[in-house]
Each structure stands twice: as C-alpha cells, then as structure tokens.
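Just below is one structure, and these are the notes that go with it.
In order of appearance the chains are A, B and C, and numbering begins at 1 in each one.
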Amino acid sequence: MSATLDSSAHALSGPAPHVVTPVFEGPIDLLVHLVNCHEVDIVEVPLAPVVEGFVEVLREHPETVTLEARSQFLLMAAILLEIKSQRLLPGPDAVDDEEELGGWEERDLLISRLLECRAYSAVADAFVVLSERAARSVAREAGLDDGFVVHAPDLLEGVSPDRLAQAYRRATAERSLPRVDLSHVTVDTVTVSETVRALAASLPGRARVSFRQLTAHLVNRMEVIVHFLAVLELCKLGKVVVAQAERFGDLEIEWVGEEHPLAAALVGADEYEG
Amino acid sequence: MNDEDLARAIEAVVLVAVEPVSPGLLAELLEEPAERVEAACERLAASYGDERRGFVLARVAGGYRYQTHPDLAAYVERFANRDVSHRLSTAALETLAIVAYRQPVSRAQIAALRGVNADGVVRLLEQRGYIAAVGRAAGPGQPVLYGTTDLFLERLGLDSLSQLPPVEDFLPGADVAAELEESLRPPAGAGASGDGTGD
Amino acid sequence: MNDEDLARAIEAVVLVAVEPVSPGLLAELLEEPAERVEAACERLAASYGDERRGFVLARVAGGYRYQTHPDLAAYVERFANRDVSHRLSTAALETLAIVAYRQPVSRAQIAALRGVNADGVVRLLEQRGYIAAVGRAAGPGQPVLYGTTDLFLERLGLDSLSQLPPVEDFLPGADVAAELEESLRPPAGAGASGDGTGD
C-alpha cells in the first residue's frame, strides 16, 4: 500500500474533508486523531455521514487534491471503519493500545484495498471511454517531407563490428534500469509474496512459533503487516495452521505443509482474496 | 518573429513531427519564449476550431500534434483501415488503472491489490508500450517499479497524468463502505449489531 | 455532402495519409464524384495559400498531401536535425545492436529487451538510414518489424550480416525482460525478505 500507517500519514496535503456527526464536527483527520486518542468514542460516530463528507469534499475540490492526498483519504476512511468495527466487537474491555492497533491494521489494509480495487475497476471502464474517444481523432504519422535531408555526420564512425557485438551483450545481459529517487514514495520494501517464500523456506522443521517471535526483529509496521498477510496466505494454502488462544492474543503458527520448502515457495503467493 | 510567422513556423514543424512536440522544443527551434509559443499554439488550435477544420491541433502527452477531427472518424477509419483488435481485457485495464494512479508500483504491489498474480498482464502492458519500468525499489529483491508511458497518455488523449479522471469520482459510495464494514465483521461480533452506522 | 463537410473530410484523410492520396481514392472514400473532390482540393489548397498557412496542400505524384511551406524550410530542417550529435549514444548503439542481431524485430521487442521505450531511438536510427522497416509481424497490432540496411553494413565495413561477430544468444523469445528480471532476483527464500526468521 502506498500510504503508511504511521500517524504522519494522517496529515493531509489537500483540504481535509469536513465531517458533521452528532458528536463531532470538523476535519476527518482530526477525527481520526481524536478517535485514536480516545477523545471521541467512535461507537458514537455514525460512519455514513463521515464517508459522505469525505467523498463530497473530494468532489468539491478535485483540482486541489493531489493523488497522494486522495489515497490518504481512502486510508483514513478505512481506518475509521476498522477502528469502529474493532470497537464494536465483544472482547476484553481493557485492551492495551498496542494490541488494539495490531488488531485493526491488518483489516484496515484489507478494507482500504477493497475500496481501492472497486475504484480502479470503475476507472478501467473510464479508460475505455477515454481511449475510444481518443481513437476517434487520429494522429498524423507522415513525418518529414521528402527532400529534407538530415545533415547528420556518420554516426557509425568508429563503431566496429566488435563494438556492436559488445553493445548487444551489454543490452541483453545486464538490463540496467534507471534509478529514480523514490524517497517521496512509500514502497513496500518487502512484498507479501517474498515473505511467503521466505516463511515457506524457514518454517518447515521448526517448532510452533508465535507471530510475535516471528516479527520481533522487524522495525517497521508495514513489514509486520506484510508478515501477517503472508501467514494468512500460507494458512489459506493449508501450509500452516494458526491458533489464537484468546482474542487479541498472540498467534501461534505451525507449519503443516509438505517438507519441501521449494515446492511451497513456488506456490503463487498473491492469490488471497481481494 | 511576428505572430503570423510564429504560427506558420509552428504549423510547419508540428506537421512533420511524428510525436507530440513540446512547447519547449518549439521554443528552442523558433528561438522564442516557451510561453509565447504555447499561447500561439492555443490560438492556432482555437482558430482551427473556429474555421471548422477537418483536423485539430491537439495537446497530448505534453506536446502538440495534428490529429483528425473526431467527428470525421468514419472517413478516417475507412481510409486507414485501422486495426481495432488490440482492445485490452478487463484485467489488463484494471492493472493499467492501478499503475496509472499508483506509479511507480511493483508487480507484487499490483498483485496484492488485485488479489491475483499480475505478471502476465504487466508483461502484456509493457509489450504494448503502455507501461514501462521506471526504476527499482530500494530494499530486498529490488523489485522493478512500473509507470505509465507517453503512449498511454496518447492513447487516452491526455496531456499529462494530472488529467486522469480523479479517482475519488470512482470511489464506492457510503453504502458500499458500510457494506464492506459489515462483511468484514466476524460473526462472533453479532452481538454488536445496531451500531448506528447508518442514520 | 455539402462543400464544407467535403473539405473537412478531405483535410482529415489527407492529414493521416503517409503517401499522397489520389482524387480517385478520396472520391471513393467520400462517395463523391472525383471532379468535385478535385475541385474541393484545389479550393482548399488555394485557401491555405490565402491564409498564409505554414503548410500547403501539394499535388504530388497524382495525389494530394500536406507539406510544409517552402519558406519555412529552415525551421523544418532545424527540427529534423535537432538531435544531431556526432556519435551514437549508448542507448542508440545498443538498440542498433539489438536490431542487427535479432532482426526482424519490433519496437515493442526492443523496448522489452532494453527495458525502456525505444521509439525515439528507433526513429533516429531509421532517419539516419541504419535501420528500416522490413515487414510486419503477424498477430494483434501487426507491429512493424525492423532490420538493418545496406548503409549499416557499408558503414561497418561488412559484406553481409553473417560477418557480424558471433554473440551467445542466451535470451530466447519475447519474454526476455521478464526472465532477466527474475534471474536478477535473489533466489527464492534466500532471505529475500530480509527477515532472517529461518535458518
């Protein structure tokens, strides 16, 4: 996901959608913040007007809202939905913040992904309309008139057949891609499929391991979430069984797949339900 | 250069170009400020419209080029006998949408979003020239990151990515969001219905 | 069809044509008498002259086509020679090498191999006469296939393509890019995720 789950992601670069509910009136990012700080009880906040306000602001200020801001909007809506659904679950009243966060992040990821998917699928239809419209206007391709000579010096001067062969080897052997500065973009450094493969290589033969142990060394939240999704995926594939002693308790993960990690690694890793 | 000469020179250069000519390149060739060139292009485009020409001066993928007027498509198609068989599948279009709005994006990210392996579709889009590798992500595996190309913009008739329709126009409504929330609630939480998601 | 519509349709068809379009073909397309079409073309040509357009509708080789106005030749030439350099860039040389060794090859295949859009470079090589279109691939889109020219052989001092130094062609097929990418990745499970949970 492009948006991080850090609180910094809640800062909007465009106009924040204003939401009006019986218990809260103000920008949506403030609402998320207050909910997170338990200043506003999410149970008291009806979500429909929040989502409506969210969509409305986006519609009213399309020109000033950046793509990044839009994905942040999506994320915040998802966060609110998730916090609320978590809060509505019966469970121990005293859940510490850490665990509560751990609880909603995975499903937050799922919800925001679902919302996004639906949007992209609708966009795909719009692309068809755009391209059909564009195809009605055909570009000229005739190029330069006859009689215009390109006064180029012989560009092949000094190029020997061997140099050409070298160039071919270079072109086909090492496909060097331009590096772009991605510091402004949040990129999953670890993908779910890679993690599935890594887990499929490391879990077999290992005794039952807890999710906490599995992720203890990880520093960023996204990596933990990716690991969670990878475990879910392996679970779905029947490679691991996951047990949870109590709600919000630690997950116990046990490898039950075949003992051929390579075979497991070949399993398509990204086929969990979208 | 006076306005008329500027317009004539623009007409000549754009006529022989095979891809959109940026105002910057025109400015360089004609030794005039880019702003002036751009204004002249816009005036030309408007005048073709006023004169009801059979062609338009379109702004596409960051530059200007001559195109046929859309309402003459029937004649042009008959003439050019153009192949319309290369329509993209729904899967390819959705993947293209993801790349367009999330670029730069890796195949794994696309797969994670679409819920299915995206390798074949990504390769197809790359072969068609709609997307291209634009770099590699830092970190383990260094996955290739994809972005859309100028050809993508040209095929959609867009000047730049900023002209993509706003994705929020395509967001599911509040009802769908509420539905999602509902569907993702575990059955164990049935006791907590009537939560007032509506009203 | 009234005179205006006729003129517009002629403008559109001639605009997209690469070769001169004969009045006969125009007449057939537009379902109008050839004489009427020809008269319309002459009126159009005259109006472009009156309006001091940067292009002309020229009668060439029995047909009509758009050309740049002769007195704008300097700009057109400057445009045509805009990227003249004394040596081929690395990208251009590599693209030429790919065409030489893998001909006939499409732009998409070149792009897939090189990992970047190759259109500009291909056009440059074509304009300089080192490569030329040699046919079209079967299948969707029927992309143009390129091969090297006699000029290319001449400049490299070769009698035939068989004299090109042999290279180990270890990358078969059109899936080259994908395979390469795969091969550049760390082996599956070898700590690709950097998690070090195992071992």
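Note that in this section contacts are C-beta pairs under 8 Å (C-beta built on N, C-alpha and C of every residue); 3 or more make two chains touch, one makes a residue touch a chain.
Only a predicted model underlies this, so the values are computations on that prediction, with no experimental measurement involved.
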Report back the single chain whose CA centre is most distant from the CA centre of chain C.
A
Point out which chain occupies the most central position, where each centre is the mean of Cα atoms.
B
Any idea how many Å lie between the Cα centroids of chain B and chain C?
21
Determine the centre-to-centre distance between chain A and chain C, using the mean Cα coordinates as centres, and give it in whole Å.
38
Residues of chain C that contact two or more other chains, please.
12, 15-17, 66-68, 76, 80, 115-116, 177, 181, 184, 191-194
Residue numbers in chain A touching 2 or more other chains?
138-145, 148, 177-178, 189-191, 194
The residues of chain A that touch chain C in their complex are 138-145, 148, 150-165, 167-172, 175-178, 189-191, 194-195, 197-203, 206, 209, 214, 217-218, 223, 226-227, 261-262, 265-266
Looking at the complex, which residues from chain B come into contact with chain A?
15-18, 55-56, 58, 60, 65-71, 73, 76, 80, 82, 84, 90, 93-94, 96-98, 100-102, 104-106, 108-109, 111-118, 133-141, 143-145, 154-158, 165-178, 180-181, 184-186, 188-189, 191-192, 195-199
Can you name the residues of chain B that touch chain C in the complex?
4, 7-13, 15-19, 21, 25, 28-30, 52-55, 66-69, 72, 75-76, 78-80, 83, 85-86, 119, 123, 126-129, 132-133, 139-142, 144, 149-151
Chain A residues touching chain B in their complex are 1-2, 43, 46-49, 51-52, 55, 58-59, 62, 65, 67, 70-71, 73-74, 77, 81, 84-85, 88-90, 107, 110-111, 113-128, 130-131, 133-145, 148, 177-180, 182, 185, 187-194, 229, 268, 270-274
